[in-house]
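Just so it is clear, A, B and C label the chains in written order, and each chain counts residues from 1 on its own.
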Amino acid sequence: MSESEMVFSFLTKLNALTGGLFLLCAFGLVGIRQMLTCLRIYVFQALLLAVSAVILGYYHASIHLFVVAALTIVTKVFIIPWVLRQAVGYESYAKREISQVLNIPTSLLISIAITIFAYYIAGPLLAANGAGAFEKVNLPIGMASLLIGAYTVTVRGEAVPQLLGILAMENGAFFAGISIASNLPLIAELAAAFYVLITVLVIGLLAMRIHTVIAKTAVGEMMALREE
Amino acid sequence: MELLYILIISLLAAALSLLPVGKRFAPGVTILGSLAVFLLSLRTALATAAGGEITAIADYLACDSFSALILLLVAFVGLTAAIFSWGYIATTVGETDDRKIRRYYSRFNLFLLSMLAVPIFSQLALVWIAVEMTTLLSVFLVSFESTPQALEAAWKYAVLTCMGASLALIGILLLRWGMGPSPNVAFTWAGLLAASPQMPPALLYTAFLFILIGFGTKAGLVPMHTWLPDAHSQAPSPICAILSGIETTAVLYCIMRLLPMFQGGAAADIGKWFIIFGLISAGVASFLLIQAKDYKRLFAFSTVEHMGIIMVAAGLGGYAAHFGAMMQIVSHTVTKSLCFFAAGATLMATGTRNIGAIRGLIRISPLAGTFLMVGGLGIAGAPPFAVFLSEFSILKAGIMNGQYLVIGLLAFFIAVAFFGIMLQINRMVFGRPEIILMDESALQFARSTAPKHYILPLACIIALLATVIPVILFGVYLPEQLYQLLHQAAASLGRV
Amino acid sequence: MINKIIFNLIQVIVVMAFAPLIKGILARLKENVQSKRGPSIFQPYRDIWKLFHKDEVISEHSSWIFRLTPFVVFITPIFVALLIPVLTDYPLFFAFMGDMLGGGFILALGGFFATLAAIDTGNPYGPMGSSRTRMVGFLAEPVFMIVFFTVSFIAGSTIPYIVQKYWVTPLANFFEPAHILMLLAFLMLVIAETGRIPVDNPSGHFELAMIDESKGLEYSGRGAALMKWGGSMKFFVLCCIFLNVLVAPWGLAHGTELWQVLLAVPLILIKISIFVLVLVAIESSLAKLRLFRITEFLGAAFVTSVAAMIIGLFFM
């Protein structure tokens, strides 16, 4: 085995490991009750996204992906937790446990079903588009994280976990994106990083407003508007 | 360069309207800005009516006939909503709270900016960001009144549409993947269309489904519509007009732009998805209309129904149906904004959003009553108005295609919706003038008051008149340039 | 041949001799973390010694199962020690008798008898502990299955000696996502199976909250000594399976000389001590879960193992 092949094999395995842990983080966001732990898991997931971007960037020798990694770390590891702490700090510290519509073991089983579904839809795409070793990991795992995030948003009745679900979806989309669409123009990447920040800011501020007006953030219990 | 100016002007207007100089400054700047934007959009639309494309920055800012049509509609609704806001916001917020008014106008302008960016951007990733910005920048407009209901609506709106956004994002990234690894490919609508024959069909199909579900959430397609009636009924009326009239359509535009990428059998498959989602939306919404207790909610459901009709028309395929879809887009936008302006006027005159609480609106405020009646008739699809013409052409195109079942169902749903809307509007507009107030403790209608005669602010009347003109005009006569624009846009939906 | 038999016996002796020591180290370290002095690390030996010299009391209402169980609990880890790599990274004389599944079944047999014996005497706490152990067991079973299937799928075998080599040849295999995730899942299983925090509190003395301990409450004298010794050997053996087979064969003797095998003994003890440190860190930073939250803990283990399986299947 030549040296470049060795490096390639090592990088793919490392990337796959990052992917596995990334998926585990998505499971964690569904299965963990403590709000603060959820926040930490989200940050860790973002860090894994950056790690994967660095691995891919090293392999493709693309400055671009390094920029993505740097942006991810700056926005998601530092700014977003800080913003959340400012906007909804009270909620994430004072209220420790999150209520959930379906219980956690059921949710975890559903997440597994979702993961298998993600592999099921990603399979034909990988086959059709001649995917390499990196896409094979990143696309299905990104999709799984995306769909699990959507599930998290639906079952969790609290403002911050719902927001974290949305962010996990977005992380998933990017995790797939760095492998399948690594050549987007830089302006799009910058705009996307900016967009994530605005999302957190807007939804965080809205959660704070909701908290000041109705004195809780159990958004799942808001039932004023519905069909009779 | 018009395209660039449009974006710069609305950005400037947003910044200027934050300046604390006088009460009239912020609305004045907003109206002037949106007027300039409207004129520039009109110019763009006229330039593209003959076909071809206007490019400001290659691969980033460009407009063809379809996007120019959407741009024009955005600018039109933006202008009228800005005028209507002058009267509406001054009345509801009260002249005293200057800061709140300034905040409203700067958010309004930013929201308009993001709406304008959707058709102007041609780079898909940026289009996606623009679509998401429309959500994020309008969240605080939806929650503007800060009632628990408004906050709930804003929350649902933000969370559900952001979920949709991520789904659509992965669809867009998949499309980029399908275009190959070369960094030199232009990831624009046109570039995508050119590259689509080489893409694996499975990839296109999956990407399309992700985008349909993702953007469909924002366009209010059933079953992802649950946030729409809430957000579209809780926002201030001028914002409702933009949200309902054009935001949904602009998102639908992004979905419809994918249509020409599919050929032959694939096109028929994709058409089926359009028709299925369209029929479900139209059907569910037309029945939900009947039980609406809030007239802004009534119009919001009607938006879902109309999105369904446009989807069906786009899915039927063929030039005639596509032309019908384009006409439906135009007529729905102008009529729906009229409806929401009229609803805003009614709210100002009566102070309640409850349908059951209002009788004899035409005597309380003749203008509000008249416009509500016209808007109701118009959106339900009564003959002399624009929606009638477009719905008729869609039904006709469908029958020509031989899709009797689809058309039969669609016609039935339209009839149900007509019945539902007219029943409610009639009850409100005619009869002995009274406003029946809710007894909050017993939750039933209790004492009634004999309301005073109400005179609408001048700005509102101007906005209502400006919107009612196209509603009536397009029902009987389509200007030549507009016809050309619609023709080009419809042609661009088919495979060239 | 003779060498291999001797080495095999050395393995058994090492397990028997050092199992209480590991327990002692674990208990001592835990106390130290809580800034207490803690018992000597040789305390388990003294306990066992003391128990052997005490009289045994056996309820007259109990059956032969109660009397047999201490021997079963004592013998089963010894059998497993014959099969698995404790000191060497090549198969020894008795290794042909079973693979990893076989080892799992033998260990389960000991657990099964302990459960029956707890019910046998009619002590109210025994059946409660038994039913709880069974609950944990039922939830842990699917995880065990999936971990073994994943391992056998990836490494292409269920023979521990083949599996352990796979992870390090080449070294990149160690970083395979399936491997790391599976390790996480198995770590959670070891915690659940050996009754550590957060599933069970081994140093708790409150019968109502006990899971594992309450099964041995009725034993005294020799029986209690055997149960205690057997329990620590089971822990030792599980650690060996986890560290030598599933993590990596580092530290195991490669050559066939006696000194190489003897050198492996301290290396293995160091390896297990490091693992004990990890366990102490986990036990000290988590609180014991409420009984019905254990499903969530094992649910997490299940999800991790399934993730390992999915990624393993599709990454190949």
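Just so we're on the same page, a residue touches a chain if its C-beta (ideal position, glycine included) is under 8 Å from a C-beta of that chain, and two chains touch if they have at least 3 such contacts.
Bear in mind that the values here come from a model prediction, so they are computed numbers and not experimental data.
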Chain whose Cα centroid lies nearest the overall Cα centroid: A
Centroid-based (C-alpha) most distant chain relative to subunit A: C
Inter-centroid spacing, subunit B versus subunit A (mean Cα positions, whole Å): 31
Averaged-CA centre spacing for the pair subunit C and subunit B, given as whole angstrom: 65
Subunit A-subunit C separation of Cα centroids, rounded to whole Å: 36
Two or more partner chains touched - positions in subunit A: none
List of subunit A residues in touch with subunit B within their complex: 121, 124-125, 128-129, 135, 142-143, 146, 149-150, 153, 159, 162-163, 165-166, 169-170, 172-173, 176-177, 180-181, 183-185, 187-188, 191-192, 195, 198-199, 202-203, 205-207, 209-210, 213-214, 219, 222, 224-225, 227-228
For the subunit A and subunit C complex, residues of the former touching the latter: 6, 9-10, 13-14, 16-21, 23-24, 27, 31, 104-105, 108-109, 111-112, 115-116, 119, 136-137, 140-141
Sites on subunit C touched by subunit A in the complex: 170, 172-173, 175-178, 180-181, 184, 295-296, 299-300, 302-304, 306-308, 310-311, 314-315
Touching residues (chain side subunit B, partner subunit A) in the complex: 60, 123, 125-126, 129, 132-133, 136, 139-140, 143, 146-149, 151-156, 158-159, 162-163, 165-167, 169-170, 173-174, 176-178, 181-183, 187, 200-203, 206, 229-230, 233-234, 288, 291, 293
